[in-house]
Structures are given as C-alpha cells and as structure tokens.
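Per-chain residue numbering starts at 1, and chain names A, B, C, D and E are given in the order in which the chains are listed.
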Amino acid sequence: MKVSYFPGCTLKTKAKQLDDYARSCAEVLGIKMEEIPNWQCCGGVFNTSSDEIATKLSAVRALSYAEKQGQPLISVCSACHNVLKQTNHAMQTDAVFASRVNHYITQPGQAAAQAYMGNTQVYHYLELLRDIIGFDRIRDAVKKPLTGKKIGAYYGCLMLRPSSTMKMDDAENPRIMEDFIRAIGAEPVIYAMRNECCGGYVTMEDPALSQKKSTAILRNAEANGADFLITACPLCKYNLDKNGNIPVVYFTELLARALGIVEA
Amino acid sequence: MQTVTREQLLSKAVSLLSSGTVNRVLGWKKGDFAYDVTPSVFETESELQDSFVYNIFCSANFSKYLISETQKEGRVLVFLKPCDSYSFNQLLTEHRFDRERVYAVGIPCDGMMDTASVKALAPDGLTHAVRDGEQLKISTLYDGETSFPFAKVLPDRCKLCKSKKVVVYDEMLGTNGDITDAPRFEEVVRLENMTEEERYTFWQKELSRCIRCNACRDVCPACTCEKCVFDNPASGVENKAIDDPFEEKLFHIIRAFHVAGRCTDCGECSRVCPQSIPLHLLNRKFIYDIDRNYGEYIAGAEEGLRAPLVDYHTDDPETDAVMEGGQKQ
Amino acid sequence: MQRIGVFVCWCGSNIAATVDVQRVADAVRSEPGVVFSVDYQYMCSQAGQSMIVDAVKEHQLTGLVICSCSPRMHESTFRKTAQLAGINPYMVEIANIREQCSWVHKDIFIGTQKAITLAKAAIAKVNLNTPLTSGESKVTKRALVIGGGIAGIQSALDIADAGFPVDLVEKEATIGGKMAQLDKTFPTLDCAACILTPKMVDVAQHENIRIISHAQVEEVGGFVGNFHVKIRKKARFVDESICTGCGLCTEKCPQKKVPNAFNLNMDHHRAIYIPFAQAVPKVAIIDPDYCSMLKNGKCGVCAKVCSVGAIDYQQKDEIIEEDYGAIVTATGYNPISLEKYDEYAYSLSKDVITSLEFERLTNAAGPTQGHLIRPSDGKQPHTIVFVQCVGSRCAANAEKGKEYCSKICCMYTAKHAMLVRDKYPDTEVYVFYIDVRTPGKSFDEFYRRAVEEYGVHYIKGMVGKVIPEGNTLKVQASDLLMNKQLHIDADLVVLAAAIEPDRSARPLATMLTASMDTNDFFTEAHPKLRPVESPTAGIFLSGTCQGPKDIPETVSQASAAAAKVIGLLCKNTLKGNPCVAVSDEMMCNGCSSCANVCPYGAITYESKEFRMPDRTTRMRRVAKVNPAVCQGCGCCTVACPSGAMDLDGFKNQQIMAEVDAICK
Amino acid sequence: MEKNDIQNTVKEIIRISGVNPKKCIKCGKCSGTCPAYDEMEYHPHQFVSMVDMGDIEPLLESPSIFKCLSCMACVDRCPRGVEPAKLIEAIRSVKQRMQGSNHMKPDDIPALLDEELPQQAIVSALRKYMK
Amino acid sequence: MQINNTTEFRPKIVAFCCNWCSYAGADLAGNNRLSYPADIKIIRVPCSCRVNPTFILRAFQRGADGVILCGCHPGDCHYTSGNYYTRRRMTLLFSMMNYLGIEKERTRVEWVSAAEGAKFAAVMQDFAQTVAALGESKRLEDLRCKQ
C-alpha cells in the first residue's frame, strides 16, 4: 500500500530520527510512504479563528495533493498531524472557509472540479499502525521485543485535542500508544499527566512555564514507575528532555528497535 | 428455447375436460385478424377445437379472470405463462380466489408480440404473422413475406422479461425457465437522471395523451377491487374523464400506488394502452424504489409473501433518502 | 344538513391579543351549515359552557365548532358540554386558534386570517361528522407494577391496600432497588434500611401482592383495562417455595470470587448468595456464570448442605402470563458510566469513586462494615474532595453527559460531607460545586448545617484534573470566588455522577407504546396536570423513570400513580374510543392488507354470501373490525386499496373536507 | 476604544471564534483544567464572562492572551461546549491584526534560541505571536 | 390593518400532524411562543399512518404549495408501528411525485416528538421558507380549483 507522507519542518532537521525510523519501519511493514513533493511547513499550530485563511493553505495543498494521488495523508509529528486534521475538518464542515480557501488555491481558469472539499483521509502514523496495519501484525513482525521495559506514553495535547475533530482516541483515557507499547513487547505505564500540556511553544518566551509543566509530567510518570517515555512530538521531547532525567525517545525509534531495523 | 404448440395445449385441455378434472377452460380465442386474440371461456371440446388458439399474440394474462371464474361451479383450467403465474400467486396471497377451484398448467414463454409491435413492422394489410424458429415471418397484402429476428422485434416488456420461470402450477408443459437478470430498470434510471424539469416535460407529454379509457386498470391483474376508488364518488378521487391535466397525474399516481408492492411487472398496462403511454415505467419506478430501499422483492414470487407496503423494518431508510439519479442520496 | 354553532374563545387576552375574535365569529357566519356564531371571553368557564348549552337549545344546533385552545387541553371539556346540551359529544370539533395560532403569530391580521381558515376547516369537518358511541370493555381488576424499588414498592402497597391484586416484577433477585443500597437519607439522616426494609416486609406479607423477582416483562398486548403481559421469570436454580433463606449454602459454596453487585463490585460473594441480609424474597440464588456445577457439572456443595432440598440445578426460565387492568412503570435509574470522565481519573485510581460507591463504603452493612477507608490501601482518608455535577447539566449536543440536572446530588453530597465530618472530625472535606440547589423542605437548612456546623469547605468552581501520584490524588481545580487555581492533595475523590433512566426502560416503553423523551425518561400525559400518567392510557409512572427525584418525591409520585390505578380499577367497564376503523363490506376485497398492518390484531375475516347487482350470489371474504380492540390509528385505511376501510371520527371525506377548506 | 468599536470587536471575536459565551454556566472547569492558569492575569472563565459582558479592552491589553498554550484542555472538558481557547485565540488574532501589535519580532528570536530548540517551536511561536 | 406587502407570495401549506407526538409538539411550540409562518395550517390525524396519499394529492389539487407530514419518531409511535408504514408509503409516494417532475422540496416527512416544540417551529420555518422560495405549485395544480 502507498500513502502520501507529510514529514514537516522538524523531521527534516532536529528530529531526523523520527522521520528515518518512520519510513524504514513502514517499509518493513509493507507501507510505502511517498513524500509529498514541495510540501510547505504546516505552521506548527492551527489558528482556530475561522477567518484565518492564509496560514492554513500549506496544509490544504498537502491534503489536496494526497487526494489527487488517491492516497491517505500520513504524518508522524503530532503538530503537523494536528494542523492537517483540523484544517481538513474545517474544509469539510465550514463551507465559507472552504470556498475562500479554494479561491486561493485554484489557478485561474481551473475547473471547479479541482476544488478541495476535505475528502482526504488524514492519519497519524500511530493510526496507520493501529487502523491500517494493525497492532496484531506489528506484534507478529517484532523481532526483538522490548520485554521487561516499563514505558510511559506521553501524548501531550496536539494528538488528542480537540477530540471532536481529532477523533484519534478517548482524549481523557487514550490507549493507542499503550497498545503500541504492548505490541512491541513492553509494558505500558499509565499515568494521569500523559495528556497534559508540556508547555509547548510558550517555552520560547517563558521557559519557566514549560519547565513547571514538564516537571510535573515527568514526576507523575516517574511516580507511576516509568523507565522512560515515548512521544511523537519534537517539541514535547525538547521540553521534557530539558526538564528532567527520564529518557524521552521517539516512538518510531522504539518500533525500529523492536522490528530489528536498528540495534538498541 | 423449447416452446409449446397449440396442439399440445389443445390436447391437454381436451383431456382434462373430458376426464372431468376441469369443467371449463380459460383460453385464447381466435379473431378476425392474426393479431386479434381474445381471452375466452371454453366449456366443450368442440368449442375448443373450433376456436382455441395459441400463438405469438397470446399475451393476455388470465389470472384476473379467475376471481369470477372460480365463483362458478366446478374447476377451471388456466394456462399460466411465467408472467401470469406471478399474478396468480399474488392474487392467492390476497385471498382473491379459491386455489382448489383452479387447475393450473404452466407453459414456458420466451416472448409475445403485441399489436403495436407488429404494426410497427407492418403498418398496413397484415395477413399473417407467425413465428418460425428464431424468425418472425410477416405477410402483408402488399409486400408478401418478410422475416425479422424474433428476439429483436419483441416489445420491451418481453425483451426485459424478469423471469421465464412459471412459479406456480399443477402441471408443467414443456421445460420451465429461470429468473433472468434483465436490466429492466434502465429506463427508470434514465428518467431519474434527468432534471426535474425534463422529467416533468417527459411525463406531461406522455400523460396528456391519456383518454381515461381505464384499459390499464381493467387489464391489470392487481387491480381487482370490488369497487375501484375511481368509480366511487365517496373516495374523493373519482373521475371519469380528463377535465384538467391534474387528473391524469392523480389517476396514474394513485393507480400505480395502489398496486405498489403488489404489481408483478407483467406489463399488461402498457400493452393495452391505446395511446401507447409507457405506464409500466410508473410501476417499475415503485418496484425499483422498493428493491433499493427495502431489499429485492418480486410480487407473486411465492404465495403468502408479505408485500413491502404492508411490512416494515425498523431500520428502513428515511423518507428524504429518495433516489436521485439512480443513487441513494 | 347540520346546524352548526361556532364559539370563538378569547382565552382572556391569550387569543384575543393576536386574533380578532369578533372578526372570526363574523367571518364564519355564512359558512355552510353555520346557523350561529359568537365570541366569548372564556369558553371553558362555567358561563361559557352554559352559553353553549343555551345556544344548542335556542338554535337547535346539531354540531359545535369551538375555536379555542388545543383539543389536547379542552376537547373532553367541550364534549361533556355537548352531552349536557343533548348532542353527541363527537359532534364537536375544535379549531386550535391558541397554541397553533395566536401564540405563534404576532401579527393580528395574519393571526385572524389563519384563525378563520382553521375555523372553516373545523366547520367543514363537522358538516360530515356523525354521532359516535363508545363501545365498552371490561376492566381486569389486577395491576402490574414493573420495578421493585421504593417507587414500585409504594405503588404496589397502595394499590394492594385498596383491595386489588398486584404483581410486582423486579429484575434483580430482591426488591429494594437503589434505596436499599443507601446508608442514610437526607435531610433527616434516618437510616435507609430502617425505613425501607419494613416496607419490603409489608410487600412480602401482603395478601394482595405477588412478588415476581429476577424477572422481566417480555411482551405486552392489549389496551387499557385489558393488558395481556408475558413475564419471564428467570431461573434462580433455587426453589423459592422451599428455600428458607438460612444462608448455609452461601457460606459453604467454594466459589468465593463473584463480584458483589449489591456492593458495586467492591467485594465478593459466593456463586450462591443472598443479595443482602434483608432481601425480599429472602431466597438464595445461583449465579450461573460462576457456579461450577452449572458450568461443568462438578461441585454440588450447595445441594448437599441444603437441608430442605431447595437447590434445583435443572430449573428453567418460567413464562408467566397474566391479564392486567393497569400497569405502573417504576424502572428507576442508574448513575451514568464514568468511563468518559477520566480527567477525574475514575478508571485510573480505585480511590476515585462514585457517590453510590461512597454510600456502600459508609454503610454498616457494606464491604467495609461502615468504616470509611480508601479502597486502594484500606487506610483512612484525611482529605476528601467531592465533585458535583459530573455528567449533569452538559450541553445538549455534548459527546458525554446529560443535559438535565440530576437533582439529588447536591443534597446527598451535603449529607456525605456532613457525615464524614461528624464521624471523622479530623478529615478535611471539600465540595466543588457549580450551584447548590436545595429547594426541598428543610433542604437548605441541611446544606447550611454542613457548612456552618460541620465546617465542610464549599468551593464555587470545578475540578479540572485529578492526578493519581504515589498515595495521593492531586486535585487541580478552580476557586472562582477567590479567582485562584487550587491544588489539593486528596486521599479520596467522590464523583456525583449524573443519573440516567435504567436501560430496561427503553425496550419496555416500546412494548407499552408509552412515549419517552430524548433522555429515555417516560413522558407524562401533561407536565403539570397529569404528571403520573403516560399519554398511553392505562400506563402510570412512578419514581425516577419519569425524571430525577429524591425519595420523598418518589414516594409521593408512587402513591399518586397508585391512586390513579385504583381509580381505574374501581370501574367495572371502560368506555372505549369510538373513533375506530369500520369496513364497508360491499367494497372489501378480503385481501388482508388491513390485517397485515394492524398492530392490535383487531381485524378478522369472515366469508359471507352477497347478492351481486346481477342478482347472482357470491361468497366473499370480508374484513371485520373488533371495535373493542381497535385503537383508531387508521393505518388500515391507507393499506386498503379499495377504500373499504375508513376511520370513524377521521373519515377520508372529513379529512379531505379539512384539506379543501385550508387550501381554499 | 469607542463604545461602538467595542461592540463591533465583540461581535468580531464571537464570529471568528464561533464561541457563544451565553452557553457558559460558570462552572469554572476551564480554569480548573488550565495548565497556564498561574501565568495568566485573566483566566479562561474570565475571558468567557468578560466577552459576554463586552469588557474586552482589558483582555486585548493583557499578556494573558499570549500565555494560552492552545492545549485545548478547556475546549475538551467544558461541559457546555463553550470552547474558551477558541475565544482566547480570536482575541489574540484581533489584537495582532492591529498595526504594530506583534507580540514578538523577528529580531527577538535569535536570543531565544538554544541548540536543541526544534524548528517547530519557532514556527509555532511565529504563528502565535506575530501577524 | 394590513401590514404585510400584499404582493409578496405566501405559500399554502398543509401540515398533517399525528395526535400523539407532532400535534403535541406543535402545541408545545405554542406554549413556548416559538413562532413560525402562518402559512402552515395543521390538520390533526390520529397517526401519521392515517394520511392517505390521496389527501396529499388532494391538497395540491386544491392549491396547496407544500405538504408536510409529521409523526412520532420511528420507534416511538403511539400505535407501535404506524410511522414505519408512513415512512415506506411516503418514501414511495414522494419519490414517484418527483419522478413525475414535481419539485421534491414541496413534500416532506419530519419526525417531531411531543417534547420537540423547538424542532417543530424550526422545521415549519424551514419548510415554509423552502416552499416560498419555490413559488406557486404549478406542476400539480388543478386550474379548475384556482378559478
């Protein structure tokens, strides 16, 4: 199966591992990730104001491209996924927004049939694993199970919320990452702070705030017995790494280890 | 395709009559012209020998006649073509006659001509029209004999026959056929795909020709009411002639609605229409909607089936899920 | 030709403000059949009704059109008036010019025009009305009460005391319901068991009451006065008539790990058990999912120790069929599932509990013998946080929660908080609330005592997140009055979960053809004037199946429902609805379409000889309607292809006359 | 601001956020759940109440609008579906669309960088803090 | 006294309401003073299944511009199953009328419970607006009735 892939800015730079492992694991699992040519940065955050058009165009271009390929659109970074999914949702549900966007992106003289109406399926890489590949198949494909490891899943906020749009999982008691952890042979550690915010981009101007938030998360994970944490978001990883001692790794790296693609 | 001959039918009728199995025979009687065939009741062998006929113009569906014929003493023999057998079952389901008073002989059929179709081939001076294998041979006063491929010149209702299977009989003459998968809803879909405006124009053109002769109603094997609503001043829809375009539509909508779920798609309505209005397209629309919304249903396929309009499922689609352009919206 | 009188009501200013009533009365005067027309301030008043009676006499009226409020309001009033005046009550038609005209249209010109049209439609209908007489049916003098909680118990006792036999159907193994699980009751703090269990015993001993426990209603047929009900009494594998309730089997059974539903699964009982000490009937029951004898034929300990031989592993479900004159629904409530509320960590921590669980934890007969301890480690909690409105008062389109106020939480939370502070004064108790709602008798005083005398901290604000960490529950909440975010290290968090109707109510409503609201509460016939009756005749509503209620309210409603039942059962016969289907046998085809669609089986067929116009005779199969069974829906009239079937009171011609009048 | 301007701005905020502050039942769950509560001068529930009352000038001038982490916890947990974060975002949008109101300037950025800071943080901050 | 512009087209709309749910819903709309256009005139029937297709055609014949049929929600019929039959009958009837080119917006079935006063008003608002936008019903008119 082929899917369109939107890597995003950070996966091309600071979070190369997240990207590399995602691709190599997908290949092992029989999925070909085709990077969208000339993708543009999603902007990192989705502005919820309905009249904010320009900042969402890059996402629509990616979505529209995937539609033309007849492929679902996959992203690994939680932030990209959030922006793509929310933009897509707005294209589906807000007719005024959709028509304005389409006026921007359609070339003069282009047929109205070119308009993008939100028909692309948007998946986070984790959803790809769960819904398309299936955790059972991953369990079967695991060569080096991470037996005995106690891993805390750190969801953060972008992957789950707003839950009415993201629809990835129960936003208050998600299990997709826990199921993933089980699939690769380790034991998930469930802790309440796993869906609380790390401080996000506010770390730029107020590192103290993200320090406070990240510390609380790490403390809660540690108190519940996590050896280390996994995440899908480079910014989460940055904030957590900076403010604690528990190792934080990208989930794709663990998957790559379990599949035997890289040595631990 | 094996067909049965007049002689086979005749000898069957004669033997059943003489053995006392039946008291009467419902059959086709020959008329003045080749295509002129009328339903008739034969009570003696000589009547049969004299005027019983079976040829490519024996379209008439006898089932409806059984309602009155079974009221008489004794038993009646009826020949059931596949079409007729569905009507037969449907009437049985509706308790319209006593099955015990009928002896049904199933006969295979692979199409019947009607007057309009044969006149399309030879408008004037037809003297003779017979089937010879896969050919239809026509003679006229002016042109002598011409041949046509039988299957090609059949009327639409036979070209798009839903079933060549006689579904109920006491005895079968010849080999029974099967249910077909003829694309009989294509024309309905074509109409559905038109715009409202186009459909309106189409039907306006068709229905405005209606002369309210009631032939469609009178021939319909499902229209068997003791008193038709159109004859009943208390019904609020009574009318006898077309005074206003509204009445054509009222008549044809109600006519089709009253047989919806009970219509076996035999096509008799269109056959007898002197104005050649494609009335079966109204009935087929209902059949098609029923099939798509509530699952495929052929009225009369078995005795005792519950008709779609006196049945329901809790998860039926909502009313606004009407078909548009052949698709569920 | 009818002689019709038209009476236009002002309803004070309710109608007169937006409908020019005099113009309406004038406009219809020349309508066919109308011989008299008048407007008056209050038609339904004594004076208005006498005006009608006088007019009937003076003008020899044969039909009445009342232009007034909805027929659902006063149709029966005016029918009685007609009867008083000596004309058939079904010669009355109402033009609804209040609810469907004056109240929804603001412009007096438009309102008046519409009122005239509605009046004309009613006149057109009355012109075709014929006198109708109700059939009578006998009343079965026996009542069915569905649900054996406090509501059902009270209704059953009241009906039985009036001398009518009652069957009380309970889905659990014992009656008692939710109240049996409670510890104390607000605002008096008397113990629930002390006031409930004597009533349960009364039920058990009442000569007019039969308890059918561990059972459910499977099928309901018939109609008011004559319901026919099938009840499935599920196998309990113990012969109820023999078991003495000694309890020996429940001590000897080797299977000890059966979650105890009565204690909300906070402890265990054996595979054979008696739900609780005061259960009624006090008879053991075997849980077939856990009993190894029933599962794989090995064990049989209970049968060995039972001295009276009550154990019956072969017992099968039993179907009880019975006729009833009236049915009371008392199916009660349950707290909603909190699985979607994990911001409160309900599924993450054993120490986050619901209020009902809290009741069991503080109940002397509960899993901890009444010692308030943390379920996780058995330690006594020192800081307890109560969260109100969990799942109540949510947005209508919210993915989780209920739109309504659950009504009982404010008071029971005050009770819990007070009891904790009373028994364990060194415990800090916080209650987070949105509003405190205490509109019952002595309720606010009770709540104030919790605050003022017992020192419970009431905080206006909500908990946003509960974080289990180590041995504590970190509670993050807002205090709106202090404008602060609070962080409390709690030992126990108690969630006041919204309540919802029991799941059995929805299928039951379908069987009863009783209507429900969007939340699956039964709807009442009138929200103010007929609050304990369903719109479906013969169905009465008792307790929380109709809406959230506390115990005093439940009991009063249960008694009210019982009073209505008694009123019904006192009658020997009931007048039916005369608006029933009638078949014109001359036109009937006997095709069975009508019988196929009739939900009541009111249509049968007979073969009849008819003389035909051509002087022959013919046997024909024709439909016959049983007017006692027909409920008058009219479905058959449309299924009938020939139009032989028609509906009295709503004849084809009458409806078409209305259509014509409206479209004119 | 003129009274008229205020009214128009309130309308604008309500329109682009899609939030109806009238739906609020003042339960305070948004503020109970907010991770940036302590850093804010006005808290989520106050945003809702103040917009409802037309008291928006203090909000437009408050640094609180830049403290919201957009974590959407208040949006998800509000029992009435009020979506306070969208209201805050709308106020921030309105504010930054005013001339010269960018909260952060490109020149500020180099000083805020460290070796590990992901690009994502920078683009997000640009989106949130600048027009 | 006349306030409205007389030249403005006002549609004639017949609303068949079942006695138990929709008629009560209409009453509730009244109780709550939820206004809807006066073009809507309600005919009370015991159940939506009482409505014969001939009534609907009759309404159009006599000059109605739209016909709406309201019943209890499926599953909530006072007579258990009436509205299920209604649903099938009207699905077919409306589909046929549209097949003959009659604007499908002129006919509608809505399920309105006794508790849904607001829905009743909203539905009627919307239906009246829709029908008004279509203008006078021409395709199913009987000129004799319009003289």
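Just so we're on the same page, a contact is a pair of C-beta atoms (placed from the backbone, for glycine too) under 8 Å apart; a residue touches a chain by one contact, two chains touch by 3 or more.
Since we're looking at a predicted model, the values are computed, not measured.
*Asks:* Determine the set of chains touching chain B that also touch chain C.
*Replies:* Chains that touch both chain B and chain C, as defined above, are E.
*Asks:* Could you set chain C aside, keep the rest fixed, and say what connected groups are left?
*Replies:* The remaining chains, counted without chain C, group as follows: A, D | B, E.
*Asks:* Weigh C-E against A-C on C-beta contact pairs and write down the one with more.
*Replies:* C-E
*Asks:* So, comparing C-alpha centroids, which chain is the farthest one from chain D?
*Replies:* Greatest centre separation from chain D goes to chain B.
*Asks:* Select the chain at the greatest separation from chain C, using centres from the mean of Cα atoms.
*Replies:* Of all the other chains, the one whose centre lies farthest from chain C is B.
*Asks:* Determine the centre-to-centre distance between chain A and chain E, using the mean Cα coordinates as centres, and give it in whole Å.
*Replies:* Whole-Å distance between the two chain centres: 49.
*Asks:* Could you state the distance in Å from the CA-based centre of chain A to that of chain D?
*Replies:* So the centre of chain A lies 24 Å away from the centre of chain D.
*Asks:* Quick check: how many Å separate the C-alpha centres of chain B and chain E?
*Replies:* Between these chains, centre-to-centre, one finds 37 Å.
*Asks:* Can you list the residues of chain D that touch 2 or more other chains?
*Replies:* In chain D, 73 touch at least two other chains.
*Asks:* Among all residues of chain B, which ones touch two or more of the remaining chains?
*Replies:* Counting only residues that touch two or more other chains, chain B contributes 229, 235-236, 309-311.
*Asks:* So which bits of chain A are touching at least two other chains?
*Replies:* Counting only residues that touch two or more other chains, chain A contributes 163, 172, 196.
*Asks:* Just spell out which pairs of chains touch, all of them.
*Replies:* The list of touching pairs comes to A-C, A-D, B-C, B-E, C-D, C-E.
*Asks:* List the residues on chain C that touch chain E in their complex, please.
*Replies:* Per the touch definition, chain C meets chain E at residues 70-73, 96, 98-101, 103-111, 113-114, 117-118, 121, 510, 513, 515-518, 523, 535-536, 579, 597, 599, 631-635, 637-639, 647, 650, 652, 655-656, 658-660, 662-664.
*Asks:* Per the contact definition, I'd like the list of chain B residues that touch chain C in the complex.
*Replies:* The contact residues of chain B facing chain C are 71, 93-96, 224-229, 232, 234-236, 258-259, 262, 306-307, 309-311.
*Asks:* Can you tell me which positions in chain E touch chain B when the two form their complex?
*Replies:* 53-54, 57-58, 60-61, 74-75, 81, 84-85, 87-104, 108-109, 139-144
*Asks:* Using the touch rule from the top, collect the residues of chain D that touch chain A in their complex.
*Replies:* 15-18, 35-36, 39, 66-67, 69-73, 75-76, 83, 85-86, 89-90, 93, 104, 112, 116-125, 127-129
*Asks:* For a test of understanding, state which residues of chain E touch chain C in their complex under the given definition.
*Replies:* 1-4, 12, 14, 19-21, 23-24, 26-27, 29-31, 33-36, 38, 41-47, 49-55, 58-59, 62-64, 72, 75-82, 85, 89, 113-115, 121, 145
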